[in-house]
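One chain, chain A, links the two complexes that follow: it is found with chain B in the first and with chain C in the second.
And now, the complex of A and B:
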């Protein structure tokens, strides 16, 4: 409970900043309208106008909140949670390709890490390419991947998953290489004195030792995977998804819609990272490694 | 009692470093008989740990010969001829004490019932019965080191190699563990190689004390202990004990003077 006050203070400060920003960014449009109508705006009237514009430059929190409620809770109340206008529907689409890409990315990351740790040639040859792969802007490469996969008649969901995978395998490789190498010299010598095979050393020492590293990577990986999914939806917007909502919003200047999709994506990311955190706590506790 | 378990002839090991070759071991000749308790003592850099690691096939000598149970260290390691205790207990935090002791047994393919039986046996041997379900962090440093000794005893190795196993523990715990180790040695009749920094520890435990000196690492003196096999802690105050300790100290000083 001691933490409530500082947390609330930060939240309040953020809202104050947001409202302040909304007034600053939207006031020009308010004055423009007033000038054209030939009326003089007092400061209070100006502030009031910036809070209620239809297409504000920066929508204030309550507008975004109202839009969020309209496209989630209100939809559920009317039994239309999966209507195409619902953020739950779009969130679900984003979630599916995020999770698909994350699962494949994690699998690929772990396999690459195992190869890199056990094979010197792979360590020298593959690692630089993995790092190079992440220096390419995903926005540039995503449409190309989509086009190539579409021409190969690959399902859209998989095409989006591939982009998520492209972003999420990297933190897993880096974390797992470090984790699988975390056993020290003494522990490796000890395995040698027991004449343990490489497989035994892997299953009984390297893999369990890497667990804490894996979970740290998974948290970064799933957030990256969500970004991949949103970026992929910009190229495959016909299927919907939070990315598609942002794109459509930007076409029509619907800033409120963009912001509510943004908040929905952030919430989704927070929920996913939290569930990995939970999985981490449970697993490490069962392994006797809880901090 | 007189068959040789470990035999080194003109054993040398030179590390090639950027600053030129380092002679970790030079012309080491030593025979260790079955059932002996041999301590290796000397200042750091004298090669005592390196010598032990050569016996365990953790280092490869660059000259001379060494046999363990009449075969090369590599063959001895592959036939799991020895248990090795490191300076740190090195217990896996994700395994219970019982699970840690079971680890080498799992690797060596003992049956489940046999594993359970052996874990129970060695836990009693190091006086840790009842702790098999505890995790390492729930035990004190001394208890952890006892568990790591239990782990090295769990499989049928006739040789126990110990690299400063009590180096990180305080004096009181150390005395207690030394007493226990002697009792354990008497009961199991294993051949023990023991690296230490401490003169009293070496004299108290050993039937044979190998004094080593650095640059190049070599044997300065080999002292056969005249102490009886039955050794209460008070034996450390007898003139006989003090005389042996004196000879060890002389050996260390000599090695240092021309080093």
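And now, the complex of A and C:
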């Protein structure tokens, strides 16, 4: 709890920076308008104008907040939560491809990690390539993968999920390999003393020991998965989604719309990471591993 | 059919060789040969599947076709590489990492700010910052400046968080020793805390190498001059010239791995004393 005050200070400073930036970036347009109208703007009038422009270069937080409310809460009140103009609808699309990719990525990651831990040849030959695969800017080729998969009659949702899967499997592999190897010599010797088979050692010692590592990498993985989904939506924008909102906003110069999509994506990321954190706390507590 | 059989035989043979190699005592040759053999097998598998099943080159071109395109378009690829990597990614990387480092050192004297900055920084590092790309293109125009700005935004927080954490890495005993020596704050910073922070800083720098390249390429999807890797990828996808796209991907992969390798090499030189570098 002692961190609350410092965090609030930093957040407030960020908001102050945001407002300051909005004034700085929007003032030229305000002066332009005033000059054409033939009026002289005082400083106060200029600041007031920068807060309420239609297409500001940087929308101030309250404008973004109003847009967010207009496209979520207000639509719920009118009973149109899933209309095409609501961010809930677009957020839902992004969420579904994120979760699909995340689930498959996690599964693939765990399987690879089990193989790597139990097979020396696999460890030596596959592991370097898994690491190398992450130095390739995969996000950059997302549009190609999406287009190719879509032209091969693959469902759009799966095409987007593949990108998320690629981004989320890596942290899981690395974390799980570390976790499955985390039991120390004493514990492994104990297993041998009990004449445990490889399978028994795996289920009763290695797997439970890897749980904390797994959750740590799941948090990284789901954030990466969301980024993958957003970028994939840039190429499949006809389906909607938060990435599509950003793209459409950038076509028409609707900065407020871009920023509200951005904030919505950030909120989604925070919610997902927080729910995995909750799952982690509950699971580790039941396993008796909570610190 | 012949292709498929050949590739399968090669796969099994390579797998056996790798098992034999890993059963031996590890040495320099093994450490290189085993993953190399696996990589070659993957490429052959790809080539064999494409040829054997007659997959249309519009969907997935074989590696040989990509290599031919690559060698035929070297000047064009170099121009794209220079525009995206050197102008966009590298300049943004240097500015972003430099700024993050300076902020971390500046914040270092105030535990209050540190406690606030770490959770916020960790949170922001998990956000899809790449979404700022359209906004940056609007602010800084189509040329490399907007790409560098996206890269700065992407690399800033991971490096900041790692540096702040690293500066806390020296333990109390060591800091007490510095006090016993009557070391001033800058002295303690230069001689103890910065060297102790290096493994953390390099961790951030390594994460940032990949982010930088991704940021520069994706930002080009939102508007760019008629060169650059992201521009080429998005236009050639539209023309279904996938061999050219894969050639760009090969450039990106080589550039990304080389960049990462360079930073890792630098790390080895600077943090030679760290347990993870010995052994």
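Here is the rule we use: the second predicted complex is superposed on the first by the 281 of 291 C-alpha atoms of A that agree within 3 Å, B and C clash if a C-alpha of one lies under 4 Å from a C-alpha of the other, contacts with A are read in each partner's own complex, and residues count from 1 in each chain.
Rule of thumb we're sticking to: contacts are C-beta pairs under 8 Å (C-beta built on N, C-alpha and C of every residue); 3 or more make two chains touch, one makes a residue touch a chain.
Worth saying up front: this structure is predicted, and the values here are computed from it rather than measured.
If you put the two complexes together on chain A, you find that chain B and chain C both fit without a clash. If you count the residues of chain A touched by chain B and by chain C, you find the higher number for C.
Applying the stated contact rule after C-alpha superposition, one finds that A:141 touches chain C and leaves chain B untouched.
In the superposition on chain A, no contact is made by A:150 with either chain B or chain C.
In the superposed model, A:262 makes contact with chain C only, not with chain B.
In the superposed model, A:41 makes contact with neither chain B nor chain C.
Judged by the touch definition given at the top, the superposed model places A:66 against neither chain B nor chain C.
Of all C-alpha pairs linking chain B and chain C after the chain A fit, the shortest spans 13 Å.
No residue of chain A touches both chain B in one complex and chain C in the other.
Interface residues of chain C, counted against chain A in their complex, comprise 15, 18-19, 21-23, 30-31, 34-35, 37-39, 42, 58-60, 112-117, 119-120, 123, 126-128, 130-132, 134-135, 137-139, 209-210, 213-214, 217-218, 221-222, 229-230, 233-234, 237, 242, 245, 249, 252-253, 256-257, 259-260.
The part of chain B that touches chain A in the complex is made up of residues 56-58, 77-78, 80, 82-84, 86-88, 90, 92-96, 103-104, 106-108, 135. Against chain C, in their complex, chain A makes its touches with residues 2-3, 5-11, 14, 25, 57-58, 120-121, 123-129, 132, 134-141, 143-144, 147-148, 151-152, 219-220, 223, 226-227, 230-231, 234, 242-243, 246-247, 249-250, 253, 255, 258-259, 261-262, 265-266, 269-270, 273. The residues of chain A lying in touch with chain B in their complex are 186-187, 189-196, 200, 204-205, 208-209, 211, 287-289.
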